[in-house]
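Two complexes follow with chain A in common, the first pairing it with chain B and the second with chain C.
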Partner chain A sequence: MSQRQRVPLRKRVRVKTLLLTLLSAWLLALFLTLLLGQARDWPTATVGDALLTRNAETASANAVTSVVVSYRGFDTLGEVTVLFLAATGIGLLFSAPRPRSELSAAESESTPAPPNEMMITGVRLLFPVLVLFGVYIVLHGHLSPGGGFQGGVVIATAFLLRMLADPNFRLDHVRLGWLEALSGSGFVLLGLIGLILTTTATFLGNFLPHPVASLGQLVSAGVIPLIYALVGVKVGAEVGAIFQDMREAA
Partner chain B sequence: MLELLDWLDRPSVLHGLHLVGSLTLFVIGLYGLLGKRHLLKILMSLALMELAVNLLFIALATTSGETAPILSDGLTAFTGMADPVPQALILTAIVIGMAVLALGVSLAIRYHRLSASADIRALADAQD
Partner chain C sequence: MEFSASPIWFIALPMLAAFSSPLWVRWRVLDQLLLGIPLGLLLLALGLFATVQQAPLIETIVIAPPLGIHLHLDSAALLLVALFCFAVTLVAAFLWHGATETHLRGRQPFVLILLLLAGGNGLVLTGDLFNLYVFLEIAGISAYVLTAVRDDRPALAAGLKYLIIGSVAGVFFLLAVVLIYLQTGQLNMAAVAQAFAEIPPAMQGLIAVLALIGLGIKSELFPFNFWVPDVYRGSDPAITALFSGLLVKAFLFVLVHLAVLIWIDPEIARIWLMTLGALTLMVAELAALRQDEMRRMLAYSSLGQIGLILLAFGFLHESTAAGAFFHLISHTLAKLLLFLVAALLLRRVLSLHLDALTGAGRVYPLTVGLFVVGALCILGLPPLSGFMSKLWILQGFAAAQTFWPIALILVAALIEAGYYFRWIRVLYAPAAASAVTDSKTSKTAPESWATYAPLLLLVGLMLLLGIAPFVIEGALVDAARALLDRDLLIQSVLGVAAQ
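Showing the complex of A and B:
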């Protein structure tokens, strides 16, 4: 007790932390007062409701998918581009040659331990199941929760597990690049066909037949599952390339 | 007891609770962003802020009694469903957040390799 009193107050309370806490608390109070005032009379009719009433025209049982791929398809294209840019940036960062002094140090210290038997056997069992699960999620994007983004990431995770279990397993960057390029241009191509054909005349218009009667079947919703499958391939290839880059750098 | 549950189910109360929770998460992330010096901790705080915003969007898009905007066995019409637009936007935001986080982490790793430090203050002082 006596020792504690000898330390001056400004050393016991850290001023910077205190100020930051106060700032954060003030911002929280500000946001809360602003937004809670809004929450009292929240808008009841939104864009989403208008899209929901129209959604049967896409013949997709999953309204989120028809928003992602059809109504807001252009946003998805931009988003896939951002993902591509990030993957390219990571590749660029890790492909730069290392300084020589650090290279020898890295080699001596970080020879990774070989994966144990549990890992190898587990991955051997899980890998096909995970890939199948990913493909299922991608292909059923217009019927059930899921789609290209989620399924693509599941497939990439399966390959990450392979990389961890087998030190010699390598995803070929050239092949990944081809996959990415083909699926990306396929996406744009489908969009352009929708623009050119006079029946739709909008970018990413649904030009394939999509009768409402087939709603809920695997082959339905016209062009939506095709685009989502392409998105799945692209996302899987990009995330796989990120994993491969990070593993090579480790 | 039932009255309390009914009161909690009212949209304004429910949205208010979601708002308090996600804004608290957001402010925790902001505190970490401003107060921490390790690069990975800063990136983690950024991810936390982003997740708080995602949570807020998803929470505000629905009220009690609404179902997911997906037709399945019992549901045959798109009525009484949650707003699909925020869900679609957050779906893309999650993927972008993942990519940006990966880019940030790889920048941090690269910086650590070159300078053997992960301190943002040293980064601010670096001249060359």
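Showing the complex of A and C:
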């Protein structure tokens, strides 16, 4: 009797994994058949199309922005809250003091190598350009593609590069917390002003003048660029705080 | 300028307070605000009952439905919002004096608990499917982090498990929303309800199954609820009280609401919901029989009651739906009491295992006495609200001449009696209570009366609702009517749009 035969069949073939794979494949096939076979043509009268035709009301040259910040601004507030929650959770779990033994073990294993000259010089050149680019994307969110989320992440990336290039560079958690707090509550307060003023009387209503004549200028679309700037500050501060927390934990 | 009692406050106020938390840390008012904000919202909700009884409040955000997002405050949603605000107020009052739970004090738990409230309120208030998904994420993520907030091994394991399974559920639900948008071009629930019949039947089934899996995981129904006892066991009992009292109830409401609204054929929806409810009820109660850890036992008991509530809602009939709302409230009261008692016990003893608690009733008469009251309320003994709510459900089924759910509910109640009396017997056992007394002396001083005040308030409410259910009968019947009347909802939402 050879060695091979003595191992029972169910140990040579992982039956559970196989069954799970087959089940998943069958479900995927079923799903695709339904999706391809049963789906109707794309409906022509979607909510998205209806919103596009009404875009001129907001006087925002970028139609995506008027949907994201105005028509569905409530969703954006929710997404900002989700990011805030994620940053809070990472801050809570990563920055908690670890037991001594784990800490010292981690330190002895990885003493980070100092960044090389290319990195330092490159970041010194790139940093102001990246920050400026991020600010531009945030402020022109209502005119051209981009906006608070994208610009905020670009700014946070600039600070991540500084962290990589300079081991002593730290983002101050207290100051980041205040930035987050001011921009987040600013967003909600702008929304509430829209609710309280009788001219708009709806949450996130555009209570500043937004004449269609100024479409495409930097100062246009009323409250939309203000909200997007706040979103930019908040996203930048939160993503920066996440980088900082992860670096401290590593 | 005008100040309106708009439903937006139930979401915006907790968010505003959570965002500006560094300010509250500096002014040292975290505890006061954590109690004050839900309390204020609870008073606002109670004040709105009379208005909403006339007509549902519809709060348009920026652009009128079906194009934009709106919040829909009808009697059913208002009842749940008031219940959520009450639950958070009570847990906040309990935590205020909890000197041992340092991980539940401070800025981050403050943020997480308030955003859990905002998420729960948003889930029941929103009238837009994608917005519903956003609130599902907000409530979900705050729950994942709250599970892990104690930052020890079991809590982190439970948090990770919850994070993975919750995200999978979110993806399933999102896929259903995407398919609905691709098929109908609408996201507003009322507009989707109108257009849903035109979708090909097979696609309807696919969407329904995806949404059912997503919401079934979130609302802890039978084939999808294997993760629940581990999460309830790993997280802090005061937080678990919120999961069982607030979070599950919100998801359960969303599931029933969407089933009523979107599924046109009530017969099919009835079969699915009642089967799931009955399975969840029986499997969870049978599993609870064998549990030797208090939090796991309470988790299974909570699942069983969720199944019972779904069974009553799923009948899609006004009489049982009113009973289901009553049982939902009564179960929240009882489980808040039981989990907070577990939290109190955990401040003094090291383990909540059955053997470790032998004879605890003789050492802590008041705490264990409160546990007994909570257990009797779940069982449904006469002077407590659990009796009245179960009676309403049974009466509803009897009036409709449907008898199998009645038999099922009575059998489940027998099983419940089996395991709760097992626990009560052990808690009052005369055996040498050495383990309990030892750990007591090593841990803390007796609690002040302020710790017991929220628990005694719960007992008072259970008695009040058990003896005088007519005080909330009107609100319950209105809520049942609002939940089941599909045409009224569609008309009230799209009628506003037509103006």
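Following the convention adopted for this analysis, the second predicted complex is superposed on the first by the 225 of 250 C-alpha atoms of A that agree within 3 Å, B and C clash if a C-alpha of one lies under 4 Å from a C-alpha of the other, contacts with A are read in each partner's own complex, and residues count from 1 in each chain.
Heads up, the rule we're going with is that a residue touches a chain if its C-beta (ideal position, glycine included) is under 8 Å from a C-beta of that chain, and two chains touch if they have at least 3 such contacts.
None of these values were measured; they are calculated from a predicted model.
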item	value
Superposed partners chain B and chain C on chain A - clash or fit	fit
Chain B versus chain C as contact partner of A:70, first or second or both or neither	second
Which superposed partner A:81 touches (first chain B, second chain C, both, neither)	second
First (chain B), second (chain C), both or neither touched by A:34	second
Which of chain B and chain C A:128 touches, first, second, both or neither	neither
First (chain B), second (chain C), both or neither touched by A:61	first
Contacts of A:196 with chain B and chain C, given as first, second, both or neither	second
Touching partner for A:89 - first (chain B), second (chain C), both, neither	both
Geometry of the superposed three-chain model: angle at chain A (Cα centres of chain B and chain C, steps of 10 degrees)	80
Partner chain in contact with A:211 - chain B first, chain C second, else both or neither	neither
Which superposed partner A:16 touches (first chain B, second chain C, both, neither)	first
Shortest span in Å between Cα atoms of chain B and of chain C, once chain A is used as the common reference	5
Common ground on chain A, meaning residues reached by chain C in one complex and by chain B in the other	31, 35, 39-40, 42, 46-49, 51, 72, 75, 79, 82, 86, 89, 93, 96
Parts of chain A lying in touch with chain B, wherever the complex brings them together	16-17, 20-21, 23-25, 27-28, 31-32, 35-36, 39-40, 42, 46-49, 51-53, 55-56, 61-64, 66-68, 72, 75-76, 79, 82-83, 86-87, 89-90, 93-94, 96, 98-99, 102, 144-145, 147, 149, 153, 215-216, 235, 238-239, 242, 245-246, 249
Chain A-touching residues of chain B, taken from the complex the two chains share	11-12, 15-16, 19-20, 23-24, 26-28, 30-31, 34-35, 60-61, 68-72, 77-79, 81-89, 91-92, 94-96, 98-100, 102-103, 106-107, 109-110, 113-114
Of all residues in chain A, those that touch chain C in their complex	31, 34-35, 37-40, 42-51, 54, 70-75, 77-79, 81-82, 84-86, 88-89, 91-93, 96, 174, 177-178, 180-181, 184-185, 187-189, 191-192, 195-198, 201-206
Chain C - residues contacting chain A, complex	1-4, 6, 8, 12, 15-16, 18-23, 59-63, 66-69, 108, 111-112, 115, 118, 122, 130-131, 134-135, 137-138, 141-142, 144-145, 148-149, 151, 156, 179, 181-188, 199-200, 202-203, 206
